[in-house]
Structures are given as structure tokens and as C-alpha cells.
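Shown next, in C-alpha cells, is the structure this report addresses.
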Amino acid sequence: MNGLYKLSELDANLVEALSNRATELRRGATPARYEGLALGLLFLAPSLRTQASMQRAAGLLGLDLVQLTGSSMWKLETGDGVVMDSDAAEHVREAAPVLSSYVDALCVRSFARFEDLASDLADDVFQGFAQHSSVPVVSMESALWHPLQALADRATLDQLKVSTRAKLVLTWTWHPRSLPHAVANSTVCMAAQRGMDVVLACPKGWELHEEVIAQAKLLADASGGSFEITNDPGATKDADIVYAKSWCSLESWGDTAGESFKKLELRDWQVTPDSLSAGARFMHCLPVRRNVVVSDAVLDGPASLVQRQAENRLHAQTALLEHMLSGPAGCESPLQLPAEVGA
Amino acid sequence: MNGLYKLSELDANLVEALSNRATELRRGATPARYEGLALGLLFLAPSLRTQASMQRAAGLLGLDLVQLTGSSMWKLETGDGVVMDSDAAEHVREAAPVLSSYVDALCVRSFARFEDLASDLADDVFQGFAQHSSVPVVSMESALWHPLQALADRATLDQLKVSTRAKLVLTWTWHPRSLPHAVANSTVCMAAQRGMDVVLACPKGWELHEEVIAQAKLLADASGGSFEITNDPGATKDADIVYAKSWCSLESWGDTAGESFKKLELRDWQVTPDSLSAGARFMHCLPVRRNVVVSDAVLDGPASLVQRQAENRLHAQTALLEHMLSGPAGCESPLQLPAEVGA
Amino acid sequence: MNGLYKLSELDANLVEALSNRATELRRGATPARYEGLALGLLFLAPSLRTQASMQRAAGLLGLDLVQLTGSSMWKLETGDGVVMDSDAAEHVREAAPVLSSYVDALCVRSFARFEDLASDLADDVFQGFAQHSSVPVVSMESALWHPLQALADRATLDQLKVSTRAKLVLTWTWHPRSLPHAVANSTVCMAAQRGMDVVLACPKGWELHEEVIAQAKLLADASGGSFEITNDPGATKDADIVYAKSWCSLESWGDTAGESFKKLELRDWQVTPDSLSAGARFMHCLPVRRNVVVSDAVLDGPASLVQRQAENRLHAQTALLEHMLSGPAGCESPLQLPAEVGA
């Protein structure tokens, strides 16, 4: 396993095994120790859960930590052939191999910048690191994908024995800002790969990118699940899992004012107790804006899985790093692959 | 021991035992090791001593570190029922339990914000973490209290065998900015709990909050000490210990311009060699503005205890964390409680 | 060895031994372990390589880390006798001994501030820490010197068996900003101490400080090398090593607009394939502005040593800290001094 850009690039059996290992770790299994190896954490975007849980995962695995934040380093350039006479002082073509020479794996967080849709769709910062590093590069959220969140969410569903054929509705919600697509993209693909009946519910114009939709359909076909899109906010009402998230319209990329105007009438795209049927569970990646994205009553009630999702970030990441580093350190991976694969 | 908000919430015997343990550690005693446990450090305010000494204390105790600063995470909301459509992206109701799931104790630094006196008097950020965390929460300075400074100062007085009946004068000093009350509150209560004769010297209008004064009096009554207030800047002249600190007037909370005007004539509230009698010692929590709060001659002379106070931050914190973590880790606390308690 | 301000303050034999040890570490030698000791890293200026490689070096040596950045601490004053009623809240006279009481060695990064030439020439921030600390203080780049870069560059030249009499040309390059002299000063002195034929090539008015030039000449005299200055940009064409760097004119210190105007016609001071003879190698400390300081073709071609230089930062620093800490920790230094010294 050579880094991780999106969860769905992993074989379905490996995803299942990583989820199972995360659950074992949650129940107290002892992680492998990789003393003498080092993990690089590069945060070009803010973070609470990811920073804290990656630091802790490194501690549990005995890894040395190398930590950098965007504010304490040089502004990065990613373009090819650029004459660097503006504000970027360092090119990813230098930064990536240099950091690679100090660590055994490099984790990078870099959000969509909303300056240029093409750059964000190319995921230029993450891909720059992935391409120019000599060690595995793991996304801690890029412009398009958040694989560690997806793996934690998958472990959460598995731990609670949510049926693989349950219905998961990812519903768009109103939000005062224009947010990236990474979690939304990752959620539909994770659920489709798990075999679930996945519904994307959003206002017209807020559909996810066509390539993501195509991927989710392919994953659903392979797993025996399904994927469809609706513009009906009431779609949550017969869901087993309601996953809430806001994201910006592809039609208004980088145009915050324009999008704000377009969504003036959409404030009731909010998850409230009325949005959920009896027995339905609520998910969100956090941070979440209370009484904007979801009402206090849902978040503080028994339907909410958000704390378990966040806790599983630690276990999922520990499982992933443990597996990824198992080769170079000479340890065997502690993963138990499903029987049909392990045989 | 379930976290720490202010030093005086601890039994007087425990405070004494922690101070003694800090002194043992200063003399080279070996701290307990808590490998496999993790300490969270959350800095929502700047820091030199606290950051550095907490990092080192964690190292000495073998703890994994999880470190976050306000600038690299989301702006926090603390209010109940708030519609979060402004700039705060995360509520302490999520942040506290999430961080709790990654660490075994959580330390939080959050100054008074001077936006709203009621919020600061409620110490809303620290209390939000304390209320919503599932692990012990330790203050690394909140709006109202700085218990780790108070414990280090207590250890400093004990190490130097300053009489428990010595006279400690906490004197207000002029300062170009409006500063919080945390150290001033903590100093008078620490000294009153130690049994000292405590005098608060400040200009009229700069008295500490009436509830703090009431607490200091109660602590003095219980310990056999005393507490009084004077507006005479000459009160330092017969003190054994002169503790200098600036803080803002409760009457001008958040009104920097108003307070600046009110204190135009108060620049000679500064500690100089003339402020101290022979044999008196000078204390300050640092950072200190030279030749504004205290003159070079005092700070660089033999009366100054500021370096020992700062060094004791490390030992006091190591002692406190060692004791606090002694339960969950299965180790016994290395504290020797005073005889009348240990019997 | 009590700290490090500039590489040339070390005996030539010690520099050689440290370079050799760096190469051993690069080849897989096991560093000494200093468990129980702590290293302080204080970053008052941005950094990618230095931060990351110092964190990793500490991990390899088993050191506890205490890390502070300028943005999370108080603004520092360095002047003597100053009335601190402006924006600096803490004096280096307090900060240095306080941090010294938490760690066993303190590393400081503080660039030239371009406010006042005299302060920068006095290297007031670094010297403040060096003077007031009770533990060794190591420069991670000060206003005038970058000894860790110089040691890594020395190790790079030694690893590649570049002749000690090879010709090294340090060439000034155009750059959109006004940059400090630390790397330029360190490079000419490192190469002169190594015995190389050193040429400083720069436009008229961009010569390095006369004291640095005098030092480089003395070092060259002692080593059997040479040092000269030219204003000819073509001087690189018969070099074995072309080291590129931009720095500001001493005549325009702090006057960015003035310098920008003066260098309007100097944009062709850029290293391109035409600047290098066959077999010449290219060096730069990074970060580097592509197609401004040096063209892509050079940086991505076989002449470029920049990745090895950056990787050697880790090994050189590990060697230096390992040697410096060998006394207090009771371990012997793993250094093999050259025969004429070791005898």
C-alpha cells in the first residue's frame, strides 16, 4: 500500500479488514510499534480532529513525529514551468522530496482553494506531493477527498452492525460559507462501496461532480448497492442513516457572493427531528454548525453518531498507518483479510 | 483528583504535598512514567513558559503529546442554543468530548476575551471544556485563574522557607495594556491558603472581584492568615514578599481607551529598589515589562525570584500531572501527604 | 562544545569529523541515544527543512522536544535598559534563562529584521539568547550565519569527494525580495575553511560585509585555499561548484523599494544551463524560486545537488547534537577526529 488519496482506490476487502482492525483497536487491541520510523504531518489547512488524532496515532505506534503547518513554512507553488517571482517561495518539487528524506510516510492536508476550479479538480497540492515524494503520501483531506474520514465512518457503520443494504441519505444543508466537496464525495463512494442504497439529496445545482457520481455508480454496481440523486429535502425521512454536509455549487466555484444569493431561500435544508424517522441515525464529520446544519435536538439526542465517528478517526488512522508501515519496518501487517481473500 | 480549575479547590494538605513533591523533583527525584497515556495541550492564547514547561513535563512523564493551538483549529462557540451562522465553526460541546476520546487528560489555556464581563466571569471556555470532557481538564490559565502558576509560586515560597506568616503584598502596577485578573486572583488565594498575611495594594477602582476577595478571606480564616486591601502604593515597603502584577479595572472591562485615560497618572505604580525593604523578595509570573512594571535594578538583583518561579512551573506541573494520572495508569501516587492526613 | 553561532568558530578538524559522522549516519550508522534530555526549538522565522529535520534529529537521538514558534509566544525585546511600554511583552533576559531551565540545549532561528543595520550586524536576538542562556545555544539561522546549512553543505561536498582545491563560485542572483546574508556568509567561510578556491560573484554594491570578507580570507589563508571577489556574472563558467543565492545590498538595508529599483536591470543574474561548464555541480540551500534564481533545467538536471544538501541537513544536525550532548549525558562522543588530532 503506497499512500492513500481516496478510500475507494483500496480493494473492498482491504477496506473491510481495516475497518475490522479499527474496531479491534477501539476494543483495546495493542497496536504494532514502529520505533525508529517517523511520520510527517503537513497541515496547510485548519484542523482539530485530524491534527489531534494523527498525533495520538503516531504516539500509539511509537513513531517519531515531524509536524509542519502552513503558517510556519513557505508558501508553495505547484505549477510546472512557473517563473516564481510572486509570493510563493518554494515549489512542491523541492518540498516533497526533501520532506520524504526525513520521514517514512508523509500526511498532507490541503483544502480546495476556490481560486480556480481546474486546479481544485486536479487536486494539485496533494498530487504534487504524491508525485514528487519518495515515501507513501496519505491525504488528511485534499480538495476532493477525505479518505480517513471515510474509513472512520465505515468503521462506525460496521461497529453498529448497520446493514450493508441499509439506506444512507447524504443530504446537503445550508451553511453561511462555501465549503469543499471532499467529505461529500468520500461519503457517497464509501457507502456505495459498502453495498448500501445511497441517495444524494441536494438542491438543483448542488449536485456533486459528474466524475464522482460515475464513480459512486460503479462502486454500487460492484458491491450490489445502488446510487441515486434527488432534489427533494424530504428524502431523509425514510433513511436508516442521514449524513449531513454542506458544500458549494460547482456552478459558483469561488464565487461566494453569488452562491450566497442563490441559496438565500434554502435555509430550511437543515436536519431537525422531523427529518429523521424512528430508528434512523445521524452522521456528520464535524465541525458542525449547531442549529444551522443540524438542530441541537438531533445532535444531543440518541440518534447522533458524531462522537463515535470522531473517536473512530483515531482507530481508523492507527489501523491504516499500522498496515501501511508494516512492510518497511519488517513487521507483518496485523490485518486479517476476509476469508475468501486470506485463503 | 478530577482536573484543576483553581488551586484553592484542592485541600490545603494536598497543595502542601504537591509543593513538596515539586521540590523533590527539582532536586532530581525521578518522575513516574506513564507510557501509553496521552496529554492534550490546547492553547487558545499565547504562551512561552506554559507551552515549554508542559511539553517538557509530558516528556519527563513519558506521555504522548497531542498539541493544538487556536490559530490552527476552528473558532469555538460556547453558548447554549446558539444558531451558529457567524464565524465560529465548532462548538465546545463537540470539541471537548472529541478531544477527550484521544487523550487521558486535557489542558486548556484561554484568556479573558474582554468582550463581555459576564462571559469572562463565567469562565465560559474553560468551563465548557470541563463540563463536556470525559477526561480530567486542567487549566493552563483561564479568564479568572492560573492554578499552575499558583502552585509553582507556592513551591517557590516553600523551597525558600519563607515563613507561612510572612507578609505578601500583591501590588498592582501600571501597564500599557489592559490585562486579565487570573494571576492576581490566584496569587492572593494561594498566599491566603498558605497562612500568609496578604495585602492587596492597588489604586481605587482596581480592586479584584468581590467574590475573589471573599474567597481569599475565607482561605485566610481557615489557615490562620489574614487578607486586607489598601490603595497605598507604599504598602510594599514593609512586605517580606512583593508580588507585582498589572490587571484591568472591573469598571472598564473591555474599554481599553477608557482605562488608559483613567490610569494616565498611575505610572509610578512601578516596583523599584525603593519599593522594597532590606531582605524583601520580588515575585512576578512573567512575562514582565522591564522598567514599566519593575525596574531593571530589582529584576536583575538578588531580591528577584522570577527565574525560580518560572523553573518551578516545570516541577509543579510534573508533580500535579504525576499525581492526577496516578489512578488511571494503575500506578500509586508518589505524593507523601502531611502526617496528620497520611495517618 | 558550548553551542554554535557560526561553523567557522569550530576547529577545522572538528568540522571535518562532524562531516564524516554525518556521512556515517547517512549510510545507516546508529545515532547515540540521549533519553531523558530535552531539546528546545525556538522558531522566530519560517522554516520547512530546519523545522522538519530538527524534529527528526531529536527523535533519532531520543530527545524530548520543546517547540515554540514566534506566533504562539510573546514579542521579544533585546535592548538593554529599554522602557518596555510598546509591543514587546517579554525580554530575552527572562526568556533565555527560563527556557534554559526546561531543556538541555536550545536552538534558535531568528532572521535579520531589516529595521536597523546595527542590530542585525550585532545579531541581537541570537546573541541575547546565547548570552543569557545557561545551556548551549545553537543557531538554526541568525541574521548573519546559518551554521547548520554550512555543515550540511560541507558534508555534501565531502561525500561527493569534491576536491578541497576545487573552485566554488557563490553567485548572487536576482530575487523579487530583499534577503538576508546568512547563507552567503556561511557558504564562503565554509568553503574557505575547506581549502577551496572561493569566488564571490555579485553586482557592484552587493558585496558581503567587509568583516565577513576578512574572515573568509583568513580561513583561506589557514587552509591553503583562496578567496576573491568579482562583479562578473560569467565567473560561474569555470567553476566546479556553482552555489546560487540572493541577498540584499548593504547599501539598501531595509529599503526594499530602493533596492528593487537598483536591481531592475539585474534579472539575468540567474543560473541557467549556460552558466555551468560540463561537470560543474549546482548548489542552493532551498527554498529556491524556480526560473528566477535558477532555471528548471539546472534544478531538475544531473548537476543539481540541492536534494542531497537538504537531506544532509538531517545527518549534519544529528551529528552535531550527538557530539554536543555527549558530555552532559555521560556518553562519549562518537566522533572520530582526524588522526593528527586524535593521536
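Some points to look at:
The chains carry the letters A, B and C, assigned in the order they are written, with residues numbered from 1 in each.
Basically, a contact is a pair of C-beta atoms (placed from the backbone, for glycine too) under 8 Å apart; a residue touches a chain by one contact, two chains touch by 3 or more.
The shown structure was predicted, so the numbers you read here are calculated from the model rather than taken from an experiment.
The rotation that brings the Cα trace of chain B onto that of chain C spans 120°, given to the nearest 5. Different-residue interface: chain A and chain B share under half of the residue numbers found at their contact.
Measuring from the averaged C-alpha position of chain A to that of chain B gives a distance of 40 Å. Shared contact sites, meaning residues of chain B that touch two or more other chains, fall at 71. Only residues 38, 40, 64-68, 71-74, 77, 81-86, 89-91, 93-95, 97-99, 101-103 of chain C touch chain B when the two sit together in their complex. Partner chain A is touched in their complex by these residues of chain C: 43, 46-49, 51-53, 55-56, 59-60, 69, 71, 176, 286-292, 296, 299-300, 306-307, 310-311, 314.
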